[in-house]
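Each of the next two complexes has chain A plus one more chain, namely chain B in the first and chain C in the second.
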Partner chain A sequence: MKTLTPLAQTYLDRFDAARSSLPGHQIPVVAALRETGFARFKALDFPGRKVEEWRFTNLAPLTKGIEPAAAAANADLPAAEFDTPHVMTFINGRFSPNESHLDQLPEGIKLSSLAAELDAGNSVVLGADTEENRPVVALNTAFMADGFVLQVEDGVTLDAPLLVRFVSLPGSGEVSHHLRNVIRLGKGAATTLLEEHVGIDGHAYFANPVTDITLAEGATLRHYKYQAESDAAFHLANTDTDLATGATYENFALTTGARLARNELESRIMGAGATSILNGAYLIRGQQHADTTTLTRHLVPENDSKQVYKGILDGEAQGVFQGKIQIVPDAQKVSGDQLSRALLLSDRASVSVKPELEIHADDVKCSHGASSGELDEDALFYLQSRGIEEKAARKMLIDAFLADVLEEISDDAVRTYFAKVTARWMEEV
Partner chain B sequence: MAIARETVEQVASVSDKYKYGFISDIEADTAPIGLSEDIVRFISAKKEEPEWLLEWRLKAYRYWLTMEEPEWANVHYPKIDFQDIYYYSAPKQKDKLKSLDEVDPELLEVYKKLGIPLKEQEVLAGVEGAYNVAVDAVFDSVSVATTFKARLEKEGVIFCPISEAVRDHPDLVKEYMGSVVPYTDNYYAALNSAVFTDGSFCYIPKGVRCPMELSTYFRINAAQTGQFERTLIIAEDESYVSYLEGCTAPMRDENQLHAAVVELIIKKDAEIKYSTVQNWYPGDENGVGGIYNFVTKRAACRGENAKVSWTQVETGSAITWKYPSCILQGDNSVGEFYSIAIANNMQQADTGTKMIHLGKNTSSTIISKGISAGKAQNTYRGLVRMGRKAENARNHTVCDSLLIGDKCGAHTVPYIENQSRTATIEHEATTSKVSEEQLFYCQQRGLSEEESMALIVNGFCKEVLQKLPMEFAVEAQKLVGISLEGSVG
Partner chain C sequence: MLEIKNLHATVGGKEILKGINLTIKAGEVHAVMGPNGAGKSTLSYVLAGRDGYEVTSGEVLYKGENLLDLSPDERAAKGIFLAFQYPVEIPGVASATFLKTAYNAQRKARGEPEVDAMEFLKLIRVKTKELGIKDDMLKRAVNVGFSGGEKKRNEVLQMSLLEPDLMLLDETDSGLDIDALKIAAEGVNRLRSPERAALVITHYQRLLDYIVPDFVHVLADGKIVKSGDKSLAHELEEKGYAALSAA
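Moving on, here comes the complex of A and B:
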C-alpha cells in the first residue's frame, strides 16, 4: 500500500469517530455517501503535482499538516461591510444563529443550515453522488459537517442580495472546515447571493467548501464570492452548477486572501438557451498562491458560455488559471468564449495559464485568449507626460485593467462593494 | 485557357488519393525481429560504430527499459508490441559506392517515382526546372544516396548520412549528439537513441550561407519495419541553412512505427529554417494501417541573435505525436513555429510546440492551423515558458482550428508559464467551421464543392504555406486538397 500524505493520514485516523457523530449519521443514505467519499479519498489522497489537473498548484505546504498558529489572539468577529437585510453566518464551519438575520426572507425562499436539515432527517437536499476523481470533493463528502441550504420556489425572486459569511477564528482547536452548500432554484426563480470567506491573518486553517447548485428552467442565480481568508490559510473550493433550459448562472469570484487557494468551478449546461458566465479577479502578493480552475461543459446544443479572469500579482505571488471549454458531440450552435489576463507587478511574481478547448461538434464558435505581462510602458509614459505622477499613473492603469472585469458584475451593490475592496488592496501596492 | 488546364490538373491531383502507397520489391538486409541488447549491438556493428557510440546506445536502451509509454497525448491506439518490429532493414548493397552513378538503379527508380531527383547532372547541366536541392535519401534504415556532396564540400558544408559523420567527423557527433535531446528526454527519444539507424548530418561552418537547400527524403518500404532516424544540424556563428524534410510510406494494413529525433544547434547570428512535409501513409478511411509518427524535434539557440524557424505541414500518419521546440538561450534569439495539421478519416494528430525563453529579448511566434475532418481528432498542445531571466521576452501565439463535419474533434491545450515581469505573452485561439456562405460563393462561381473546400482551406492555411520554400509550398497546397478528399458531400 502506498504511503499517504501526513494530512491524509490524520483524516484516516479521524474518520472512525466522525462517521458516528457528524450530522446525518443516522440516515443510511447520508452514511453511505460519506463512506463512498471516504473510500475515494483514501484511494486518491491529496493530489501531487504529477496529477495533470494539479501541475501548477503544489499542495505540499498543506499536506504535510497544519500547525495551528498562536497568532491573532484577540479575534473578534470582523464586522460585515456589505449591507443587506439577509445575513447568514458560519463560524469555524458551523452555523451561528446569533450572528445571522434570516427573519426578513420573503415567502418561497428558505435558507437553512445543512446540519439542521440532516438532523431533521432531510437528506434529499444532498442529491446523488456523482463525484468521480476529485479528492478534495471526496474529502468534503466524507467530512461535511454544515453549510447553507438555499431553496427558492418556482417563480420567486429575491429583492436584496443574500450574504453568507464564513468566518474562521483562532482558538477553537479545529483547523479544518468541510462545508457543503446546496442551492436549488425553482423554475423562473431569481436570486443574488454573496459569499464571503473571512479569516484573521496569522491563523492557519484549511477551508474546504463544496457548493452544489441546480438551476431549473429559466432560473437565474447571481453568485458572488469574496475570498479574504487569513494569510496563513488554505482554501480549496469546488462549485458545481447544473443549468437547465434557459437558466442563467453568473459567477464572480474575487480573491485576495489565503496563503494557498484554489477555486474550482464546473458548469454543466444541460439545456438550450442557458448561459454560464464565470468571471473573476485575483489580487495577490507576498507568498500567496491563487489558482482558478474552471470546466464549462456544453452537453446539449444551443447555449452560451463566457469567462473573463484577471489577475494582479505582486511580491512573489503565483497565479494559476486553468480553464477548459468542452463541447460534446452533437452539441451544435454553441458559443464559448474565454479570456484570461495577468498583470505582473514584481520581478518575483509568476503566472501559469492553461486555457483548453475540447470540441467535438463543428457548428460552434469558440475562442480563448490569454495574455500576461507588465503595465504598458507607453501608456505609463503618456500619462506621465500629461503631468500625472508615476504612482498615480500606475494606479490609474491598474484600475482600468480591473474595471473591465468588475463591470461584468450585474448587481450594483456587489459591484460597488468589490470596487471598494480592490481599491483598498491597491493602496498597499 | 491556362485556367482551364490548371483546373483539370488540380482535379486530377485531388482525385489521386495517396499516390505514394506503392511497395518496391527491393532485396533487403534485415535484422532479426524484436528488440534486445543484441539487436542494439547488431545495429551498431552493422554501422561499424566506435565503442563510445555503442555504449551510449546501450545506456539509452537500459534507460528505456525503465520508462513507461506516455499516455498523456490525446491519441488512442492499441499498445505497440516493441518485440514485433524489425529495427533494421537496409537495401542489399553489392559493393561500396564510389559515386551516385553506382546507386542501385531500382532505388533511383523508386525516388524518381516519388518525385525526388537523385541526379546532379540535370542541375549541373542547367536544365530548366531542375531542383536546386541537395538530397539525402533514407530508405528504411539507411541512407542510400546523398547528392551534391562535392559542391557543398567546396563551401565547407558537411552534408552526409549520420553514420558516415560518426566515421568521418566523430568529434562533432560526440560533442553535439544528445546535447539537445538527451536519451533520457522521453520514451521515444530513448528508444531512438538505442536503435537509430540513419538520418542526416549537416554542419554549416562559420559565416557560410549554404548555397542550396538541403533535403532529406525518408521512405519506409519494408513491412513490419520501424524507422528510427536521427538528424543533427549544427549552424556555426553567422551561418544559414534551409533544410527540407519529406516522407512517404507504402499502403499497408499494419501500423508501422516511425520514431525520429531531430536536434538543431544554432550559434551566434546563425539561422536554420527547417521545413517538413509529412505525408506518411495515413491508413485507409476505416483507420486500418498507417504510420505511428512519434517524433522529438528540438532546436537550441545557443548564441545571441540565433534564429530557428520550424514550418510543418502534417497531412499523413495514422497518429502524429510531435512537438518541434525551441530553447531560446541566447539573448535576442528568435523561435518560430508555423504548422498546418490536417487530420481526416480516422487520423489522430497531437502536435504543437514548446518555446522555452531563457535569454533576454528573446521572441517567439506560433501560428498553428489545425483542420479536422471525417472522424479525426486534432489537438494542438503547446508550451510557452518565460524564465526568470527572460527580460523583455515576447511571445505571440495564434492557434486556429477548422472543423469539417460533425464527427471530428478539435482540441487546444496550451500551457503558458510566465516568471518574467517584463515579458509579454499573447495567446489567442479560435475554433469554427467553414461557413456555408463561403462554400456557396465559390460554388456559385463554378467550382465544385470539393474544390471550393480545398480553396477555402488553403486560404485558412495561407499564413503557414507562405513560409514554405517554393517547391514545397506547391506540393503542400496540393496535399491539403488531397488530404481532405471525401470530407465534403
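Moving on, here comes the complex of A and C:
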C-alpha cells in the first residue's frame, strides 16, 4: 500500500472521531455519503505533480502538513466593505447567525446553512458523485461541515446582491475549512451572489470550498468571488455548474489572496441557448501561487461559452491557467471562446498556460488565445514623455490591462467594488 | 534655450551620435535633415530621455540646466515635447484620460493648480476644433486603430495642448498626405513664438515648405556635417545626401 502524504494521514486519523459528530451523522444517507467520499479520498490522496492536471501546481507545501497558528492573537472580524442588505457570514467554516442579515430576503428565496440542512436530511444537498476523481472534492464530501444553501423558486428574482463571507480568524485551532455550498435556481429565477473569502495575513489554514450549482431553464446566476485569504493560507476551490436550456451563468473570480490557490470551475452546458461565462483576474505578488483551472463541457447543440482571465504578477509570483473546452459529438452550433493574458511586472514572476480544445463536432466556432508579457516599454516612455511620472505611467498601463476584463462584470455595484479592491492592490506595485 | 556640446551616444553598445554640436535659441526653428541611419531619431530620443540611449560624453544644457540629469517626465514638465515618428498605441487608455493626466501632471510638477474635468473639456475642445479633430477621438484608446495621419495629428494635438517651449518633431511628415501635412504644420506654426523653439527632424524637404526653418543642418553618420539656411534644404532635395557626403 502506498504511503499517504502527511496531511492526508491526519485526515484519515481524524475521520474516525469526526464521523460521529459531523452534521447529519445521524442521517444514514448523509453518513453513507461521507463514507463514500472518505473512501475515494483515501484511495486518491492529494494529487502530486505527476498527475497531469496538477503539473503546474505543487501541493507539497500544503500536504506536508499545516502548522497550526502559534497561539495567534485573536483578530477582529474584518468589516464587510460591500454594501448590501443580505449578508451571510461564516467564521472559521461555521455559519455565524450574529454576523448575518437574512431577514430581508423576499419570498421564494431561501438561504440556509448546510449544517442545518444536513441535520434535517434535506436531500437537495445530496448529489455527490461516487466516481469523484478530484481528491479535494472527495475530502470535502467526507468532512463537509457547513456552507450556504441557496434555493430560489421559479421566476423569483433578487434585485440586491447576496453577500456570503467566509472569514478565517486565528485562535480557533481549526485549520481546515471544508465548505460545501449548494445553489439551486428555479426556472427563470435570477440572482446575484458575491462570495468573499477573507483571512488575516500570517494565519495558516486550508480552505476547501466546494460549490454545487444547478440552474434550471432560463435561470440566471451572476456569481462573483473575491478571494482575499491570508497570505499564509491554502485555498483549493471547486465550483460545478449545470446549466439547463436558456440558463446563463456568469462567474467572475477576483484573486488577490492565499499563499497557494487553485480555483477550479466546471460548467456542464446541458441545454440549447445556455451561456457559460467564466472570467477572472488574479493579482499576485511575493511568493503567491494562483491557479485557475476550467472545464467547459458543451453536452448538447446550440449554446455558448466565454472565458477571459487576466493575471498581474509581481515578485516571484506564479500563475497557472488551464482551460479545457470540450464539445461532445453532435453538439453542433456551439461557440466557445477563451482568452488568457498575463502581465509580468517582475522578471522573476512566471505564468504557465495550458489551453485545451477537445472538439468532437464539426459545426462549431472555438477560439483560444494566450499571452504573457511585461509592460510595454514604448508605451511607458510615451506616457512619461508627456509629463506623467514613471509610477503613475506604470499604474495607468496596469489599469488599462485590467480594465476590459473588469468591464465584463455585469453587476455595477460588484464591478465598482472590484475596481476599488484592484486599485488598492496596485497602490503597492 | 538648448545647447548640445560634443554629444556622443550609444544604443545597445553601438555609437550612433559621434559628437553633435548644436545651439538653438528661443524663437528659432532648426531643421535637422539626413539620410536614414544618420542618427536623427537617436538625437530626438536622447533629448527626450529615453531609456537605453546612453550618453557617453558631451553635454546638453536646456535653459542653462543639465538636461541629461532629468527624467523624461521632468523634461516634459519643463517644456520639452517630442512628437514621435511612430506614436505608440495604448489599448485601454482613453485619449481624454491620457491628455488630462498629462496636462495635470505637468501643471502639478510646475506648482500650478490642476484643472477639473469640465475645465479640461472646454480647453481640449478648442484645440481639437483648431486641428479639425473629431471629438469622438477623445473617447477612443490612445492611437489605437488610428490611421497614420490621425496618429500624427494626435501628436500635434498633444503639443498644442501642452504648449511646450521646445518642440522636437521626429519625422512628423511621414505617413501624411498633403492636407494632413498642412494641418499639422499649421498646428506647429501656431505655436511658434519668440519664446519657443523647435527642432524639426525630417528626411524630406517637403515639410519645410510648411514649417519654414531658420537654420538647416545636415546630419550624417552621427555628426552635423553642414549647416546653413533654408536654401540648404532645397539643395539637398536636388542633389541628394550622397553628393553632400562625397563633398
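The criterion applied here is as follows: the second predicted complex is superposed on the first by the 422 of 429 C-alpha atoms of A that agree within 3 Å, B and C clash if a C-alpha of one lies under 4 Å from a C-alpha of the other, contacts with A are read in each partner's own complex, and residues count from 1 in each chain.
Please note the rule applied: a contact is a pair of C-beta atoms (placed from the backbone, for glycine too) under 8 Å apart; a residue touches a chain by one contact, two chains touch by 3 or more.
Values in this document were obtained by computation on a predicted structure and should not be read as measured data.
**Q** Let me test your reading of the model: by the given contact rule, A:Ile27 touches which partner, first (chain B), second (chain C), both or neither?
**A** After superposing on A, A:Ile27 lies clear of both chain B and chain C.
**Q** Go through the superposed model and pick first if A:Glu52 touches only chain B, second if only chain C, both, or neither.
**A** Touch status of A:Glu52: first partner only.
**Q** Quick check for you: in the superposed arrangement, does A:Ala272 touch first (chain B), second (chain C), both or neither?
**A** In the superposition, A:Ala272 touches no partner, neither chain B nor chain C.
**Q** After superposing on the shared chain, does chain C or chain B touch more chain A residues?
**A** Partner touching more chain A residues in the overlay: B.
**Q** A:Asp399 in the overlay: touching chain B, chain C, both, or neither? Say first, second, both or neither.
**A** second
**Q** Looking at A:Ala419, would you say it contacts chain B, chain C, both, or neither? Reply first, second, both or neither.
**A** neither
**Q** Does the superposition put A:Ser372 against chain B (first), chain C (second), both, or neither?
**A** In the superposition, A:Ser372 contacts chain B only.
**Q** With both complexes overlaid on chain A, does A:Ile91 touch chain B (first), chain C (second), both or neither?
**A** Neither partner.
**Q** Which of the residues in chain B come into contact with chain A in the complex?
**A** 72, 388, 401, 403-433
**Q** Touching chain A in the complex: which residues of chain C?
**A** 48-51, 71-73, 75-77, 81-82, 84, 87-93, 98, 101-103, 105-106, 109, 141, 158, 162
**Q** Any idea which chain A residues touch chain C in the complex?
**A** Spelled out, the residues of chain A in touch with chain C are 376-379, 381-390, 392-393, 396-397, 399-401, 403-404.
**Q** Give the list of chain A residues in touch with chain B in this complex.
**A** Residues of chain A touching chain B: 52, 56, 329-330, 332, 342, 344-347, 349-374.
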